[in-house]
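In what follows, chain A forms one complex with chain B and a second complex with chain C.
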Partner chain A sequence: MQVDFHYYATYCAAFIAGWSHEESLSIADSAQFVDCCSRTLLDKVGAPTAAATTQLQLELMESGADPLSLQNITRIWASFHFLPANLFAERKKCSKQYLNKYRLICNVNSTLLADTVELARGRSLEAVGVAMHILADTWAHRYFAGTPSLVINNTGLDFYELVPDGEGFRERPVHFNNNPASPDDPEKGLYTNSLYQWDENSVMNLGHGRAGHLPDYSYARYRYLPAWGEYREIVKDNPSDYMYAFRQMVYALKCLRKKGIFFETDVYDTEAVRPYEDRIREILEKRQLIASQDWKAFGESLSGQPIPDFTTETWTREYSEASKENRDDTRLGRFILAALAQKSMVTNRIFKSGSLLAGISVNIEEKGFKGVQVYRKLLKLKQEEDVHD
Partner chain B sequence: MTNMNRIKNFLQGIGLILFGLILFLDPRGGLSVVIGLLGLGLTLRGISTLFYYRNMAKHMVGGRLVLYRGLFFLDAGIFSSTLANAPSVYLIVYIAAMNLFTALVAFLRARESKKLGSRLWILRTLYGTGLLVMVSVAIVHGIYYHRTDTAVYVYALGTLYSAARKIGSSFQKSAIAYIP
Partner chain C sequence: MTAIQVPAPDNSEGMTRFRKSRDTLINVGRGNLLLCAWSAVKYLGRVIMVAPRELENILESATSQEVVVTKGQLILLMIIMLAIVVIVTSLPRAIVSLSAIAEGRGKRRGILYLILSAGLIFYGIMEILTLIIQLLPPQKEDLVLDVTIATLIIDVTSVVLLVEMLRAVFQVRKYHRSENSREAQKG
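Showing the complex of A and B:
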């Protein structure tokens, strides 16, 4: 998903769920910031780089294929963009090595998603935004894994877009090219994807790179053969999936506002969204590469307030100007805490499934504090929450 | 990283340092060793690709291609190992290509870091420039003066750099704390 959904649509969902204009803006801002919080950005302001929630293309290119680099990639992409659906999935007659990667395939309504939403409960608005980003991405990025893997993330050559035609659809072959500078052209069916790389762990085989940006376009409907699918085709209907994502966000955001109502998977707030459904469907179906203006207009009509454009400048400025001891109380400081908590949880779940793809997780209740020092911040957060409770 | 991986990384790093030092001390003898290693590397790549097919790629749509690729590498590796006097130009081309690609990525990263306001752009520019200078010297010496030992020195420097990274990563804290 892109800024149109992560920022503007998240704002709309939060407002419909009952959050105020200011709160909705903070949640939406944080949801979009997940796509901007790279190691380079954090390094610029002297923030802990272990809290990165995304990687720039060149950061990925620079990253090695050694275990530590691959674990870092997996921690970031599986935690924030491709939440694994079933870490105990089984598949007959395959090696453990294959199974570990197969289990990282993202899909909707997982127990890990429920854990993700509940992790934000009682925490900052930034934590709520992080959870909404992850929730929304499970719908866009389903069937791909947040780890470099040719055997999982590659797609077959037969890739067709289903283009609306009268009452139905006509199939049109998707023409992919590998030039990142060439813009996608939905009218001609020309899209950019990542280069085919033989190496299993090449960053070109990360996530939905081989399917280009098609999963990120709300209008797109397409069918293809996923590498892991045993020659069974997948038909992806983004307008329908994005509508589910929106309804689920409204439901999740309502849950997080109220004490005692826990988030359950496969529940959608259809009623709250119904009055706006036609307008939302119209935005989702419109064949455009970015739907920010339409979502923005919709959001402003909901709240009657202007929605400013998203910028990372305010995040970094506030953090840089704060004194060292007050940095955790800035928006970026709270975002970093939320990001570390999410990474820690997802790494723990993957580790407990018997896989080292995201690294080693140390339960501090069993073994005391070990490992990357910046995670001590979580210990402090937990102690503060315990005192508060 | 598991303790076993740390020990493995550390020992590999020590091995690479020794190898790099040998290349520095005897660049002429080192040339044939490096060319031999490139052939051996191709053979090992073929074998590992066949293992990769057996463990992973056979489950993948179109995975049969991986099997053919493994057989090709194996064949090419065995063939190149049988060549008694492989021309040293292969080594120069190989080293130049590897280092030029790394330098290109370093420059692109430097530009990106500068754009985002990170001070790391200076370090990256220096790294990229250093690589370019080394490659240029190796090419000029190899082509115009027919001296291949410079290419071997560049290769040895790369080996020492890899060794330092391996040893460094074996001491790096990597476990992620989890607070239930």
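Showing the complex of A and C:
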């Protein structure tokens, strides 16, 4: 998803769920920041780079195809943008290597999603924002995996957009080009995707690169053949999926506001969203590459307060200006803790499923392993939470 | 504003088999094109490595009355002849490959390339049998063994690809026929 949903729509969902304007802004800010928190940004302000939640194109290009680099890529993308749906999925007649990648395919309403949301309970608003980003992305990025893999993430030549035409749809072939400088043209069905690379582990085969930005456009409906699908077609209905994502976010945000109500998968707060459904549907169905203005207008009509444009500057400035002892209390500091916790949890689950695609995970508490120093903050946080309980 | 219902995907067994066969046609077509290139490389190899020696032998054994052309002209003639051989032997395979790829992409093709494929399969089987016979003693002693085995492997691959291609074509056309009859019944 893009800034229109991660920032503005998350703000709207938080407000509808009962959070105040300032709290909703913090949550939305953090949700969008997941798409900005790269190693480069963290390095610039002297923050721990292990907390990176995304990778810039340049970082991906510089990243090799060696096992360590691939593990680093998988840790980031699987933890924050392509949450695996079933780490114990079975598939007949395939190698263990293929099975491990197959198990990383993202989909909605997984147990890992429930754990992601619950991980944010009782923690900072930044942690809530991180969870909402991940939740939203499970709807947009479903059927793709957060690891470079041609045999999972490639798409077939048959790629058709379903363009609304009266009561039904008109099918139009999608024409992809590999020029990232040329903007997508929804009117002509011209979109950019990543270059076909027959190397299995090429970064061009990461996530939904082969489908271009179509999964991130709320208006898009399309059918295609995923490489893992054994020639079974998928019809992706983004307006419907995004509506479900919104309803589920409202439900999740309500759960996190209240004690004793635990997040359950496949539950949506349809009632709370119903009064705004028509307006939301109108925004989602509008054929535009970015719907920020519409979502912003909707959010401001909800709260009656202006919503500032998103910027990373306030995050980095606050962190840089804070003293070393107080950095954990800044927005970026709290975000870093949330990101480390999330990454740690997902990496651990992938490792426990018998896969090394995200690297080795060590339980610091049990093993007394010193390991990466920055992760010891999580241990300290957990100990403080245990004392508090 | 009510939600618009998108059509459900068609993932019936017939449809998935049809998609798989279409993909097979494209992949096999590409594989066959590579084998065309292999044929060209094989003959080019002969031109470069064997032809000069054979030419020397011809010129040495020819009498002064028989030598009416220069060595350069003979070389050119040999190249032209070999080029014709390459084209003639590669052309049917190229036609078959490109037609298979086109049919895999949804363009209708006639029966000619299927007949050509059958011919190539027959030719391939004959070549394989010839090579197998050559591998048996006493012929074996005269052979360059690794070259013969490599050629055998490639010829077997070529025949397998063509058989697979024919199987895929029949699947695709069978599906089209069943679709057409279903449409005719609806009409």
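As a working rule, the second predicted complex is superposed on the first by the 387 of 389 C-alpha atoms of A that agree within 3 Å, B and C clash if a C-alpha of one lies under 4 Å from a C-alpha of the other, contacts with A are read in each partner's own complex, and residues count from 1 in each chain.
Note that in this section contacts are C-beta pairs under 8 Å (C-beta built on N, C-alpha and C of every residue); 3 or more make two chains touch, one makes a residue touch a chain.
On a predicted model such as this, the values are computed, not experimentally measured, just so you know.
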In the superposition, chain B vs chain C on chain A residues touched: B
Contacts of A:A114 with chain B and chain C, given as first, second, both or neither: neither
Contacts of A:D43 with chain B and chain C, given as first, second, both or neither: first
Which of chain B and chain C A:F169 touches, first, second, both or neither: second
First (chain B), second (chain C), both or neither touched by A:S240: second
Which superposed partner A:A297 touches (first chain B, second chain C, both, neither): neither
Partner chain(s) touched by A:P67 [first = chain B, second = chain C, both, neither]: first
Chain B versus chain C as contact partner of A:L289, first or second or both or neither: neither
Chain B versus chain C as contact partner of A:R223, first or second or both or neither: second
Contacts of A:Y231 with chain B and chain C, given as first, second, both or neither: both
Touching both chain C and chain B, counted on chain A across the two superposed complexes: 156, 225, 230-231
Residues of chain B touching chain A in the complex: 1-2, 5, 52, 55-57, 59-63, 66, 69, 105-106, 108-109, 112-113, 116-120, 165, 169, 172-180
Chain B-touching residues of chain A, taken from the complex the two chains share: 40-41, 43-44, 56, 58-59, 61-62, 64, 66-68, 71, 75, 91, 94-95, 97-98, 101, 150-151, 154, 156, 198, 200, 225-231, 343-345, 347-348, 356, 358-365, 369-373, 375-376, 378-379, 382
Contacting residues of chain C [partner chain A, same complex]: 1, 3-4, 6-11, 16-17, 19-20, 23, 105
Footprint of chain C on chain A - complex, ascending: 156-158, 162, 164, 167-169, 221, 223, 225, 230-235, 237, 239-240, 243, 278, 281-282, 285
